[in-house]
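Going in written order, the chains are labelled A, B and C, and every chain counts its residues from 1.
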Amino acid sequence: MEALLDNAVFVGKGLAMTMQIALATLLFSTAISLVLGVLASLPKPWLRGIIHMYVEFFRAIPLIVNIFFIYFALPLFDIQLSPFAAVTLGLTLWGSANGIEIVRGGILSTPAHQWRSAWALGLKTWQIYVYVIGPQAMKAIVPPFTGLLTLLVQATSLGALVGVSEFLKVGQIIVERSTIMGGESPAFFVYAFVLLVYFIICSALTWLSRYLERRFNTGSARRTPAPQI
Amino acid sequence: MAFDLDYLIGQWPALLGGLLVTIQVTVLSIVFSLAIGLVGAALRLFRVPVLSQLVVAYVEFIRNTPILVQLFFIFYGLPSIGLSLSLFWSGVLSLSLWAGAYQVENFRGGLLTVEKGMREAAYALSLKPRLYFRLVALPIAIRTSLPAMLNTSVSLLKNSSYLQAIGLAELTFVAVDRIATDFRAIEMFAAIGAMYLTLVILLSLAASRLEYRLQRPFRT
Amino acid sequence: MSTLSAAALTLGATLSTNASAQTMPPVPEALKAKGVLNAGVRCDQPPYGFQDQTGAYAGVETDMARQMATWMFGSPDKVVFSCVTAENRIPQLTGKRVDLLIATLGVTPERQRVIDFSTPYRWGASGVLVREDSKVQKVAELDGQTVALPKGSVQAKWFEDNMPKVNTLRLNTAADSLQSLKQKRADAYAHDAATLVVIAARDKSLRMLDDPYQLSDAAIGVRKGEDDWRAYVDAAITRMHAEKMFRPWVEKWVPEETRPYYLEVFETQRPDRK
């Protein structure tokens, strides 16, 4: 227990880093998901095909292999990324792959007649997206997207494996230092603490996701696919 | 940096060894997680007093914490209170617990789709609850939740790569270990990327086949 | 730079007591322009490189880097540390994310093909740690047993080359290897004697074998082709030895009972070169 109290500042820095990774990833993933998700819902098979390949590829390979590849192999192509950038990029690729599916599902779940009615009213395509389809799709997109955010926050722990000093890594460093220098291993308490903090944060997000789902209550919506872990 | 195929061929035995470990861990964990899922869903369905609340807590806990931290806790933390497992079994335990939580939810979803009418009809036929569960509800539930269960199993396969973090010599670990010594990252990742993709595709294909076969009684 | 001439240089430097700022070569322009020293250090190998309670970088090697920053830019704060691990330290250097590696980097021919080494700043032996009740007394007796080794370490390579009958358990970090020894997943843990000495002093249930093998040097790593930078680093190390700067650093970071060992590896000559 003392191990945690002594290292409180260090632990705080780790938690801050976790939040940073999560926010950066969320930002980029959302941007990519929105753009590519909309594109994927257009009636153009070749476009859908390419995006589908992107989505399936990044959902099929293990997330850790994804991050490791960016971290170990890209430098050989002279692309130097810091560990933080590597994790953010890896998580973004995976997060956007899932996000695209959610956005696409949300858009396609809006009733078809909305389109025709809007056309009949003389609205242009982009206006239809922004004013008609968008708001309705959002109801189907936001709850599962919040669920995705929960998984993203959990996935930031992978940063520990490439050397980013986020929350888990800080815990690991504390445990290792105590093991080597002190002969004692505080692993039980330190990792239990890490689990607890993640649990609190992610439970809150999960609760938010369920609440939003009830609030928006998409009646006839096609069920959007769950994120592939 | 040129792609060195000869190097890759030379590393083949090591990679196959890692692949074998990955498959072993995955298969064992799938079996255990299905068992956990079945028991957990049954406990919740029958509203067993203390145990069903425990199941709820267990599922919520697993789904809201990172699998990597769960793994570290099991492998590094538990020995401090006397529970020390080998690398392999720590990995299996960790993956089984993680996937088990999702399987409980999958099964539950399947069980919930069994219409009330089935239960009433079973009672009318004097079937005891346990028999009803075994002979009526379970087969229907399994068919319904099969896609989700197989989905979780595929995720299990992918997440087995996290076990490299504790030093288990599965596929990803072998690749990274070789990279640490020989620096040939591209060859290694191409190899394991292809291997994981192949396994995922194979598993998904087997899953579709199984679903198709099980749908046979219902096809007109 | 062959080990023989490196030894001669170190010997000459420690004998001369007149090394001073005036004899240090100029800092290469490209690095001077950066304004800070980008150093790759270890964050998981106390007492060489680790992170303390506030997450600040600590350790003997960290202090070495700070000293160099003082000489180069006038302040020990003009250094940016990056944590490196066995897998990524070479790519971090060759990819220019850091400009030098002070990260328990042993001099090996494989690494020499990819990077350049400075003159060694210390030597070290490899050691083996076993449990108190183990019957093993010499390294040769480990045949057929399981030995835990950190990935990418010189010991991992040594066992691979010299003792193929040993079951090697390659793990991610020193702490992992120590853990497996204590939990009986491995029969022995092989690593730098310097690290093992600290552990053995603190943990009475473990014992170090009195059978050192594979003496090696630790040096600073720089990229190939940067000879003027390497000359500067060499001069910095020479000066550190001459002005006995390692002594206060060792006293600061190394637990008292193991200090004599550490002072020996920093300040004396390697036994096989005397």
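In this text, a residue touches a chain if its C-beta (ideal position, glycine included) is under 8 Å from a C-beta of that chain, and two chains touch if they have at least 3 such contacts.
This one's a predicted model, so the numbers in the text were calculated from it and none came from an experiment.
Of all chains, the one whose mean C-alpha position sits at the greatest distance from that of chain A is C.
Of the two chain pairs examined here, A-C and A-B, the one linked by more C-beta pairs in contact is A-B. Note on chain placement: the centre of chain A and the centre of chain C lie 39 Å apart, centres being C-alpha means. Inter-chain spacing, taken between the CA centroids of chain A and chain B, is 21 Å. Shown for chain C are the residues in touch with two or more other chains, namely 87, 91, 179.
Shared interface positions of chain A, defined as residues touching 2 or more other chains, are 72, 75-76, 175, 185. Within chain B, contacts with two or more other chains are made by residues 76, 79, 165, 176, 179. Those residues of chain B lying in contact with chain A across their complex are 1, 60-61, 63-70, 72-73, 76-81, 151, 155, 158-162, 164-165, 172, 176, 179, 185-186, 189, 192-193, 196-197, 200-201. Interface residues of chain A, counted against chain B in their complex, comprise 60-65, 68-69, 72-73, 75-76, 150, 154-158, 160-161, 168, 171-172, 175, 185-192, 194-195, 198-199, 202-203, 206, 228-229.
By the touch rule above, chain C contacts chain A in their complex via residues 43-44, 46-47, 50-55, 83-85, 87-88, 91, 94-97, 173-175, 178-179, 195, 198-199, 202-203, 255. Across the complex, chain C meets chain B through its residues 86-87, 90-91, 110, 114, 151-152, 156-157, 169-172, 176, 179-180, 183-185. Listing the residues of chain B that touch chain C in their complex gives 76, 79, 84, 86-87, 165-167, 169, 176-177, 179-181, 183.
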